[in-house]
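Next, two complexes with chain A in common: one pairs it with chain B, the other with chain C.
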Partner chain A sequence: MSSIVFTCDNCGSGSANTAGVLRMEYDPSIKIIRVPCAGRVGANFVMEAFSDGADAVSVVGCCLGACHYSGSNFVAMRRLKILKKLFEQLGYEPDRINYYTARAAEGDTFVGDAEDIVKKSKSGERPFDIILKADDKVGGV
Partner chain B sequence: MVDEPRIGFFICHCGINIADKVDVKRVVEYAKTLPNVVYATDNMFMCSTAGNDLIRDAIKRYNLNRTVVASCSVEQHGPTFMRILEEENINPYFHEQANVREQVSWVTEDREEATKKAISVVRGAVARANNLERIDRKRIPVEKSALVIGAGVAGLNAAIDIAESDISVHLVEKTPSIGGHMTMLNKTFPTDECPMCSISPLLNAVNINSNIKLHIYSEVIDVSGTLGEFYVKIRKMPRYVDEEKCTSCGLCADHCPVELYNEWDRKFGVRKAIYKPFPQAIPSVYTIDDKHCIRCGACIDVCEPNAIDFDQTEEIIEVKVGSIVVATGYDEYDPAVIEEYGYGEYPNVITQLDFERIVSPTSITGGRILSPSDGKIPKEIVVIQCVGSRDEQIGKNPYCTGVCCMYGIKNAKIAKDQIKDGNVTMCYIDIRSPGLLYEEYYKDAQERGINFIRGKPSEIIEDPITRELTVKVEDTFMGKMLELPADLIILSAGMVAPKGVGRISSKLGILRGKEGFFKEQHIKMAPVNSSKAGVFLAGTAQGPKDITTSVAHGKGAASAASILLSRGYIDKDLLTAVVDLNLCIGCRFCEPACSYGAIQMKDGKAEVNEISCGGCGTCVPSCPTGAIQIRGFRDEQIVPQIREVLREV
Partner chain C sequence: MPVFMLHDECNGCINKISYIEDLPEDVALITGYVKDEDEDEIKKIRKEYRSVIAYGTCTCYGGIFGLSNQRKNTIVPIRYLVNVDREIPGCPPQRIMLSNQLRTPIIALSVCSRCDRERTGEMPDTISRLDSIQDDNNTCLINQGIICSGGVSYSCCDRCEQCIAFNTPCRGCIPRNPNSGEFLIDQVGSLANKVGIDTMGTEWTTDMLGPEEDDLTRAIPDPLGTFYRFTLASSRINRGIKDSFGDIYKDVMIGRPAEEATYIASRIYGSCSVSVTLNYIECIEEIVGIEVDDTVKKLRGILRSSGSEFKGAIEKKDLKRVLSAEDAIRRIGGDENLSNVSIGGFRTPIEGIAGVDIEKFDEYKMAVFQDRCGESTHSDGTSKVSVSIDGSGIIDGWEYEIY
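Up next, the complex of A and B:
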């Protein structure tokens, strides 16, 4: 079991680092990938992660209204909502795609998200083996 | 041509912080098997001089052109390791950091699990390092002048501070005079000083400063360009009075037959169609109110210097500036929305700004507090707090304006001092008096015999014949319904975003919060920055503030706006969006995705303005062909990392 968490460069990574500073343990299956902003994450990253064997994919951005890149986290959240819907229509569990907000000053927000991710990724069967090989795709959504 | 990657891998023990949970030797052995890793080693403290030298020597000995350091967070020591590359004449963005401390050793209990996780993180980092690219730094020249929009106390402070650092300033003010709301006040808390006395030296200083170009009675109608090079169009409305010739003698107003309520006096005073809003107005020039002027020519006849000029037309002025300070201020909330309080319907229900204009020494009553309905001295005065703020039902303003408690107390004290045999009652939800001298000010009001009732009035009833008012309020401490008689009711109306602010917001391309005020870039760390580079916020344009905070905020904005201008250039690492013109199909999906307004179409293809691009990458997923990418965070840099991080170890 493993899951990918995309953390934005600001509060996302900040909260993950604060969790570390506070020595707050969480599941080692959670793998963090740093992106500049939650808005950088598109459907291709999410699908790539699933096709590479992730059981859940999450994006952690700044609090709504506190995006360090002028509101791009709203865009990210909307994109993931659409993707979740599509996922559901394809017959997979939409819970495997999640958007979280975190506060850089508080590690427990990140750990809470991490626990939620693990819970959700364990809730069903692995959704699929392969959706599409990433090599075939060109660009984003 | 990019050289074949030659990666050096270094893992830090961080004392025992990492080594206690991660088997660093095993990670080193593993890293040696990864593609293009030509050297791998570990060290007790990579951030120490010895650790740095280790990297430096390895770069020389093994001819490395990229480094991966597995250690702490990139925020902590990323710059340390990047500097080494820079010193060795390698682009610093060829450094990649794997966080195996905050995100591995400190959060994982089991040593085997931690080691495995560290290996996967390192795999991902090496995969990313293999695909890194050179990122250049661009030196961008800036136009050494600034625009300040709004000449209230925040804008004036911003303008004078920028001007004092020898940068020319264009100060734009919509109304005929500078000074804003502060000039309307009678006293300022907590020292009960005369605000006009406090602000007039500033008004004069701004007026005579040779670095400040005043654009009074003008509006910003268009803004284009970006940080360092904004092009601004200003529309100057005609005054029909020659500013150079007018001596401000006032003969014209004496002879003008048209009499109107003075808006500046909140309609508690009169003016003529040719007017100066208040005696000390700066610039000291008369203005003809075009809407009400009947063109009788009486002013022309009496004007000695022949300053009246009906041939004036509106003027469009174009200026180029390097940065912009937005200080558009606030409007007092209009309590007429709250029907229960009858503002606008009952003459004896007024707002705090109305009261300021009644009690001010230059007012129509000569500073005496009189009921607007009959001109008698009111014996029962009720002050109602939180009108249009902290109100989610009618006003829809959940926020606290923060200053009303203090000016409510101030005016209650002034009323009590003037009408010794009267009763002054203040109905409040909570008294908020944070800061030095504020709580003391409140205490003083209590000692002077002002009644404080904790409760928000539900209704004001007026006797239609006697004009006597009754306030229905529950004293929540006593649990008792009260009906207070009142001759004068003062509503402490909150601050709201001014009318028409949406237009200027879209012209500038900066975001507003849901309350309507301009949104700061970060509520704690960047309160004077707007969402756009080079545009700064000052005073109540960003949210409710008192004078002290507005001044501080204005001065902060001035400093932020002048930093780049006084240096004359900006150095920016181009971690920005870049368009592959071969792939771009000109669909314009990326254009609205960009909240910086940095993407524009040129010859049917997207073009990124590298200066204003913030580098968030929100445009990238919107592109159907993958033509737009972010340097340093391209698809081909992150996708392999995802793949490698997930690979079973």
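Up next, the complex of A and C:
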């Protein structure tokens, strides 16, 4: 079991840091990857995480309207919304893709997000079970 | 040159190569989609021949038939199974591409670099479905809020063969990358800056992405067919778990929006595609309630007879007749994928047909329509199509018969 969480450098990572400083606990299956901004996370990041075996992929960014750049958390949300619909079309559980916000000064916001991610990562079918992985087979000419 | 085609649902590509003479004997050409189960057969071909060329997007990337992977099919790009010496993508690739590729690869340009439309850089207020607005034929489609794969695709060899030349957005039959769908999702996510999105509060006082339909998902009813039309089999998430209908055409067509299905049907039915596409368009016109002008009926009549002439010439293997029928189809349909044909009429004015006035283009212009549900059947001498669409304009029933 592992859930990939992309945290933005400002709020997401800050909040996870605060949670650590305050010795709050969240599930060890959460794997954090820090990105400069939530808007850096593209569909290929999410899809690669799933094809490498993640059970759920989430992005934790700044609060709505409080992005440290100009509204890039909405960029990430739009991408994830499209991916959610794509997952639904393929028959997988759209709940496994999520966007949350967090506040850097409050560790419990990240802990709450993490609990929800873990809960949702158990719903529906595991998307990567039947995917054919091509990495080893693809070669040059 | 020996040509191998393991699955013969669509004969669009093989029609292009069957008549070319003086090709080397020790080079094998593989066309048509390839399944995971075909590994042994493909490896045998690889061993027998000095080099192997994959011809067509289906072989190289899974193509439109790769969309059936949504329903548990197992189509894979050929390079997952064996190394190929050349990949010639295209749906179908032009004849000139084969002879070019045999000598030197052509210099690839993106569709945008060969598109005449003006890029304004404006963020669209809304994302629109293909036939729900009349575009101004001058501004970049993405700036107008219509999704176009031009930025993530290579241009076809011939400029006038491009869909965009007939005001039809590119859907990426020559992807720049096996994961081009994901890049297009990123692009749309950034550009749809003013489009509203559903959010909701959580119990622990943060916000999260909401599960409800919003402006964005209503405008993109079919992300799979829009972003991954040719590359589902080659992308990272390449299989779905929905149940198959037992027929690959049904698996591909069901779930696609009514306005996009025109350009899917015109690509996957090979030599019968003209007839199937026109029958399909007539079905939709009956469902939506569009009355077409006499000019449109006349032009469609000519297109139909060119289509059946093309099919007959293919069966008789008469290259001269094939080429002249292809030209006749191009004159009205734009390119051989009928990019100029649309529901309610045509997308660009048609020149050089007696009795059709370019000045009176408004009479045979494409129609703009909103969704309506229903079902209908139309047939002609070559094929019969029955289609039903649901309330949001998505095809939920597809039956066809080729005579």
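The rule is simple: the second predicted complex is superposed on the first by the 128 of 141 C-alpha atoms of A that agree within 3 Å, B and C clash if a C-alpha of one lies under 4 Å from a C-alpha of the other, contacts with A are read in each partner's own complex, and residues count from 1 in each chain.
Just so we're on the same page, a residue touches a chain if its C-beta (ideal position, glycine included) is under 8 Å from a C-beta of that chain, and two chains touch if they have at least 3 such contacts.
Note that the structure is predicted; figures quoted are calculated from it, not measured.
Engineer: Looking at the overlay, does A:68 come into contact with chain B only (first), chain C only (second), both, or neither?
Structural biologist: A:68 contacts chain B only, not chain C.
Engineer: In the superposed arrangement, does A:100 touch chain B (first), chain C (second), both or neither?
Structural biologist: In the superposed model, A:100 contacts chain C only, not chain B.
Engineer: May I ask you to decide whether A:82 touches chain B, chain C, both, or neither, giving the answer as first, second, both or neither?
Structural biologist: So A:82 only meets chain C here.
Engineer: Touching A:91, do we find chain B (first), chain C (second), both, or neither?
Structural biologist: A:91: touches chain C, not chain B.
Engineer: Answer with first, second, both or neither: which of chain B and chain C does A:43 touch in the superposed model?
Structural biologist: A:43: touches chain B and chain C.
Engineer: Between chain B and chain C, whom does A:28 touch in the aligned arrangement: first, second, both, or neither?
Structural biologist: first
Engineer: Should A:119 be classified as contacting the first partner (chain B), the second (chain C), both, or neither?
Structural biologist: Neither chain B nor chain C is touched by A:119.
Engineer: Check chain A for residues that touch chain B in one structure and chain C in the other, and list them.
Structural biologist: Of chain A, residues 39, 42-44, 48, 71, 75-76, 79, 134, 138-141 contact chain B in one complex and chain C in the other.
Engineer: Touching chain B in the complex: which residues of chain A?
Structural biologist: Touching chain B: residues 2, 4, 13-14, 16-17, 19-21, 23-26, 28, 31-37, 39-45, 48-49, 52-54, 65-66, 68-72, 75-76, 79, 134, 138-141 of chain A.
Engineer: Show which residues of chain B lie in contact with chain A when the two form their complex.
Structural biologist: 73-75, 99, 101-104, 106-110, 113-114, 116-117, 120-121, 124, 511, 513, 519, 521-523, 531-532, 575, 583, 593, 595-596, 614-618, 620-627, 630, 633, 635, 638-639, 641-643, 645-648
Engineer: What does chain A use to touch chain C in their complex?
Structural biologist: Answer in residue numbers: 39, 42-44, 47-48, 50-51, 63-64, 71, 74-86, 89-92, 94-95, 98-103, 108-109, 111-113, 116, 125, 127-128, 130-132, 134, 137-141.
Engineer: Report the residues of chain C in contact with chain A in the complex, numbered from low to high.
Structural biologist: 36, 70, 74, 76-77, 79-81, 83-85, 179, 181-183, 185-186, 188-190, 192-193, 195, 197-199, 202-209, 211, 214, 216-217, 220, 222-224, 227-228, 235-242, 255
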